[in-house]
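The structures come next, written out as structure tokens.
First subunit A sits with subunit B, and in the next complex the same chain sits with subunit C.
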Partner chain A sequence: MATKQQSQNAITLKGSAKLVMDYLNFGINSILFQRGIYPPESFKTEEHFGLSILVSTDEKIQQFLQPVLNQMKDWLLDQKIQKMAMVIYNVTTKEVLERWDFKLQYEGSPNDTNSELVGNKDLSTIQKEIRDVLRQICSTVSFLPLLDCPCAFDLQIYTKPEVDVPQEWAETAPSYIANSQELQLRSFSTSLHRMNTVVSYKTDM
Partner chain B sequence: MSQFAFVNDLKNVVRMDEPITSGPAPRWMKKSMDSSGSANTSRNKVSTSSSFNANTKIPKETSDLIATKKTPSKTPSKSKSPASKSASNTPAKPKTPGGDRFIPSRMSTNFDISHFKMNRENEDLEISPSQSDYRKAMSENLHGCDINNVRVLSYQNKAPAPPEGYQNALKVVYTQSKTPMNIRGATRYIPHAPDRILDAPEIVDDYYLNLIDWSFSNTLAVALGTSVYLWNADTGAIDQLFDLEGADYVTSVSWVPNGNLLAVGTALGPVQLWDVAQTKRLRIMNSHSSRVGAMSWNTHILTTGSRTGQLVHNDVRQREHVVGTIYSHTQEVCGLKWAPDGRYLASGGNDNLLNIYSGLPGQATYQSEPLYSFSQHQAAVKALDWCPWQTNVLASGGGTADRTIRFWNCNNGQCINSVNANSQVCAILWSKTYRELVSAHGFANNQLTIWKYPALTKVAELTGHTNRILNLAMSPDGSTVLSAGADETLRMWKCFLPDPNKKKDQQKRSSRPTLLGPGLR
Partner chain C sequence: MNQSKDNDQTFVIKILDDLRSNNRSKPLRMHFDTSMMGLSSSNDSLLSNKRQRLCSPDLQESMITPEYSPWESRHTKQELVNAKAEIASLQERNTKLFNLKKESDLLFEKEKSALEHNLKKSKLTIDQLDNKLKEIRNDKFNLKVINDNLMKKLETVTEENNFRISNLEKEKKDLEDKLLSVNLEITKYQDEAASRNCADYELNELKQTLRSNENYIEELTSNLRKKQIEINALENDQVKINTANQKIKCLENELALLQENAMMVNTQREKLKRFNSMETELISLRDEVAVYRNDVKQTEILENKVATLESKLNKHGLIEQEALQLRSNLSVSEDRLKKWIDVCREVCENIDENQCYPEYLRYYVDNLKKKDMFVVNEKGELQSSIAQLELKLQQVENELIKSKEQIINATNNNSKHELTIKRLKKQLFMVTWERNDLRELIDSFQKEVTVIGNLNGEDTKMEVLEKAINGYKNRMTQIETDPSLYVSTDNNKRWIEEKNLLLKEKEDLVNKCKQLEHNCAILEDQIDHRALKGDFNLRETKVLHFKMNPASLGFNSYQNELLAAKQEIEKLKERIKAMQEGISINLTQVVDNRVESNASQELEALREKLKTQEIQNQRLREVFKKSSQEFRESVYTLLGYKVDGLQNNMYRLTSQFAFHEEDNLMFQLSEGSMHLLETPFSKTIEDMINLHLGQQHSIPLLLSSLTVDLFSKQSMTVTADSTRFESTIN
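For the complex of A and B:
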């Protein structure tokens, strides 16, 4: 009886990774919409985590996002990722205007990488935490500076050195913003992964 | 003699048409010489030219040596005249033997320094511990981790750039253009200038506060910084109700619907209840620990919303005033409104949520879970008002990032309609006289917009404020709208003046007997 109860509340490593990836996916889409990087008519509303989130319908964006997120999920299960940075840069000058850092921490026993690892946090609590962060992402638009030029974005994944790099992936230089202001958003934890979201942006345009 | 030598030398240099005498012999000449087995001719030629500088210090022998040592590749023009050659003292050169082969001179090469420098290159990474700590800290600051232990990877098929000619939609917020108005407009006359302008010095320019309210007995309460002022709209008399001390300031005011009680929310949390007729404070309710930005009455229940997102129902008659607490907002509550019939409570917060709770007037128990939770607004929801003629319809407006006004049917939880206002929506009021509503906006035009409902066409735009509008209040007869602007003015707009033929009906309504006022004290 007790074990049954346990399994109901448990969250597996895979489930946790999926939650983290869902958060990243919706977070990135939300940022793309909220910051006006792509035209708003190319987004559609979807209900997730009890929120209406605008998700891009642009095929090219999805063709970029999905492989990256899938690859990240694999690395996440191997505990290879330290953080992911979403870089928003000016298309013409390539100047980085904004960077969203999604920092990952691994909770639970660090050496135990097998899939038996389970957390004990209630799913609704996790979803509530994720919802709060996603909402906060929406509300940041009120103080972030206007991106007054055509911008594009890139995802940079900070991994441990021993990671296998598949084809189509390459190392890049980390990008950072001179004279940047940083803002730490709320964090959430699935009891296996803890996600910290930080946005840094140029102070004077 | 010597001066002639110099002149000759100069001539020798300047002349171009003569066969070249100085410098090495041309290749063809040299070859023919070599074939004859003697280089002496070339030396002789040189020596003839160098015979001019017989007076120079360097002996003839040396100058000859220099000339013969020259490699044929050197162009004559470069080697100038023998005179200048001999002037440049190069005594070390003739000592090195070996024609045109490169043999490094061990004397001139500093092997000690070279060796030292080569070895030092390998030791370059060895820096002092404090320096390495500093580098580590810097890299952690910049990248969030130690960059040496990290690989930064990115997918090579990059995301596309936005389509050509696309402009950031948020730019609309920053544009100055006026939105086109309905051409037909209104059939009635709406004065476009304010009827009266009052000064409101030190009004707190904060979107999340609710600083004005107009009472049933035609008194306007205005919170200016630390004090509350009362402006009697009939006589124009101004009274200061009270003044807070210290860092505290007034964050919200709200009149009981049909009486003379004023609830005042403060920045430190306590809510004060004032009897204005006697200028007497009745009680202080400590239900919040942070500032109370929004309040709404439902007969004797005062619902207050604070910065923490907490909503508290206070029964002002009881000693234990807290009768219900709701934790459905995660951020500051800035909009709070009971429906006139007390069946619903709407709350809007900085977490972009609009929550609807069901309630009954005077009921002691309250649900802690919202009936509906709408997340369609993309910014803080401050502007809220219930439709006076359709009691289940709520109008709500979002902040800068949202800029839309939405209409909700709270019986079934549907969004009936929405309209883009192109500017931050700071307040909404429904007209009691017409099927219209007025919304107050911020940047860029700081205007009040009057909309027809349900057509949602613009009837009029009232401009005048030089900074965003913070709040709206309506006079008890419904004819005048008062707007409080961040430009420290209160402007009155007589935009809902009733038609003359409907006037009698209007007067009847305003002389309705008070329901609660005497009952509360």
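For the complex of A and C:
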């Protein structure tokens, strides 16, 4: 009985990584929609985590997001990622207007081999936590400053130094916001990965 | 009606009077003339007519009879006729009157019967009233009896109640006294509570009984109040009864009056003929009837009162029951009192029943309390003494520990001192031996001096030796006078000083540690804050991004757009210029040519490139400087020579061990080989140059031998200095 229950409640490392990637994907998509970086007509609603989330139908964005997220997933399984930053630039001035930090922490005992790493958190509770964070992301529009200029975004992945840089990737400089205001959103944990979401935005003096 | 009746009655009475008067006048009937005269007022005209008619035959008869004179006869006849007529009329009248009399008799009889009927009725009513009066009297008597009984009962009840109230008040006072005493006892017991659980238990029991007694007292007081209220009600009832009695008296008076009236009626019965009196009696009787009716009403009221009195009686019965309950409560309280007394007896031994008072209990409890207080005080004193003793013990133990430590220290010191003493003894022995030796030497010298005599050359030596001897002596005395302990005490002081210093250092270090921890916390906070702001550890992180990210694409497209827009603007400007110049044929071609010829953008691009190149150059220079510096430093540390590159392929070498900065060698690189140049320093090492360059042809050998030579020289000077220093110390 105990083993059965464990198997029911268990979450594997891959499953956890998939959940994290799903969260990032939907988080990025909803930020893109909520912050008005791309026209709202290029988004469609999809049901995920019990929420209706707007996902971009722009092929370019998907072509960008999918490889990045897949690569990230590989790194995540190797515990190489420290955080992921979604940076929103002003295209004309290249000024950083907003930065969404998705900080990752690895939970669970590191001694175990990756294949045996198993979390014991209920999937529904994890989904509930993710839902709460996604809701919070949607609600940040109320206080974040209006982006009234043409904007573009970039995903910067903060990895460990021993990571090999793939062909289509390049090292870049970290982006800072001068005179920034930060807001820590809720965190969620899959019992293997803990995700802290922080949004930094430029304050108008 | 009465009036009309009266009129009727008067009418009848008048008729009767007339009749009587007629009867009386019967014997005087012959004198009808007078009667006629008397009746004339009442006679009708008819009568006169009849008389007139009667008169006429008389006259006729008189006329007929001639015996007498005619006129007389006539006259007598007339008179006869008249008399006969008169007789007839009188007879008629008599009959009429008789009829009238009969009628009046009938009327009288009728009236009489009616009056008699009335009388009977009135008699009946009187009898009824009499009966009612009797009944009322009986009722009154009964009521009086009942009232008297009630009054007696009331009095008895009030007396009893008063008695009970007084008893209850006494009890209440007693119980209050007891309460007070018990309260005092309770307070005392509460004080004792902690130490005496049994007493506590008793106290609780006493409290409970007290509470029950208090409740009982409250109940009694409430009952008392109720009873007082009832007594007030009874008093009110008494007042009402008094008023009723007064009314009864009034009624009796009225009854007397009625009796008198009845007497009057009896008398008036006899005087039936007197209608007026009858009437008045009737009226009076009616009045009396009205009065009786009132009396009847009053009797009803009295009956109501009787009913109320009966209800009050029932209430009194209830009160009696309550009184019984109170008695039972009294018995219960007496039992409790007995229990109390028993408790008192149990608590206070050697006591009679007569002495069983709360005062004695109080006294006993006071004694107990005093004893307890005394015992508590003693206990406190003993505890304080114990505490003092414990403190003293601790102090003594501490002193013991200290003294043990001191003893250990002292033993240690002793051993040290013994060691030092041994050493000093050895030294002393050595010194004494030396002294003896020296004395012997001096003696021998003196002998020699005495043998040799006065020699000038050796006088000075003697003096020197004597001075040396004096010096030795002084030293000896110093050694002898100096206590050997001095060294050891000095050592102790040193130890203490060192310890203090170390402690101070430790404190400083601890403070520093605290400060550093504080700084650490601040820095961690700052790191957290910076992490929030997007800062990260540059050494341990790599920031990667997808090359074809939307931002870079966006930037590129924007720049392309910008470029296109700029080009278009320029074209348009040129076009405007061309149009202003008046060129209209092949306008676009002309414009394109002009734009290409301007090529200002290319220039700008080249300038940018130049700038970047310059920046790169600068960076390279900096890097070169840094690397060359590092290289030179490494050469200096490894080979011991500072190599300065000068102009014209000249190199200046200065050794690490050179005494002066000017001590350097100059080399010049020419045609692939090094040549030594002459310097002030090179002149001093000509031997070496001849040996290594002239014979062995090796610069490194020269340099290394130079370094060895310089090093040995420097170390020599150092050792010489150190030897000098040591000698000065000795």
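Observations
Operating definition for what follows: the second predicted complex is superposed on the first by the 202 of 205 C-alpha atoms of A that agree within 3 Å, B and C clash if a C-alpha of one lies under 4 Å from a C-alpha of the other, contacts with A are read in each partner's own complex, and residues count from 1 in each chain.
Following the convention adopted for this analysis, a contact is a pair of C-beta atoms (placed from the backbone, for glycine too) under 8 Å apart; a residue touches a chain by one contact, two chains touch by 3 or more.
None of these values were measured; they are calculated from a predicted model.
Once both complexes are superposed on subunit A, the partners subunit B and subunit C clash. When the two structures are aligned on the shared chain, A:Gln82 is found in touch with subunit B and with subunit C. More residues of subunit A are touched by B (comparison of subunit B with subunit C). After overlaying the two complexes on the shared chain, residue contacts for A:Gln184 are found with subunit C alone; subunit B is out of touch.
In the overlay built on the shared chain, the residue A:Val91 is in contact with subunit B and with subunit C. Touch criterion met: A:Cys138 reaches subunit B, while subunit C stays clear of it. Of the two partner chains placed by the overlay, subunit B and subunit C both lie in contact with A:Thr172. Looking at the shared chain after the overlay, A:Val163 reaches both subunit B and subunit C. In the superposition on chain A, contact is made by A:Leu146 with subunit B only, not with subunit C. In the superposition on chain A, A:Pro39 makes contact with subunit B only, while subunit C stays out of contact range. In the superposition on chain A, contact of A:Asp154 is made with both subunit B and subunit C. Aligning on the C-alpha atoms of chain A brings subunit C into conflict with subunit B at a single listed stretch, 547-555, out of 205-213, 475-483, 547-555 or 709-717. Annotation: subunit A residues 60-61, 64, 67-68, 82-83, 91, 101, 150, 152-161, 163, 165, 168-174, 176, 198 touch subunit B in one complex and subunit C in the other. Against subunit A, in their complex, subunit B makes its touches with residues 142-145, 147, 149-163, 166, 168-171, 173-174, 330-331, 350-353, 373, 375-376, 378-380, 399-401. The part of subunit C that touches subunit A in the complex is made up of residues 532-536, 539-555, 558. On the subunit A side of its complex with subunit C, the touching residues are 60-61, 64, 67-68, 82-83, 85, 87, 89, 91-92, 94, 99, 101, 150, 152-161, 163, 165, 168-177, 180, 182, 184, 198, 200. Of all residues in subunit A, those touching subunit B in their complex are 34-40, 50-52, 58, 60-61, 63-65, 67-68, 71, 82-83, 91, 101, 103, 132, 135-136, 138-139, 141-142, 146-148, 150-161, 163, 165, 168-174, 176, 198.
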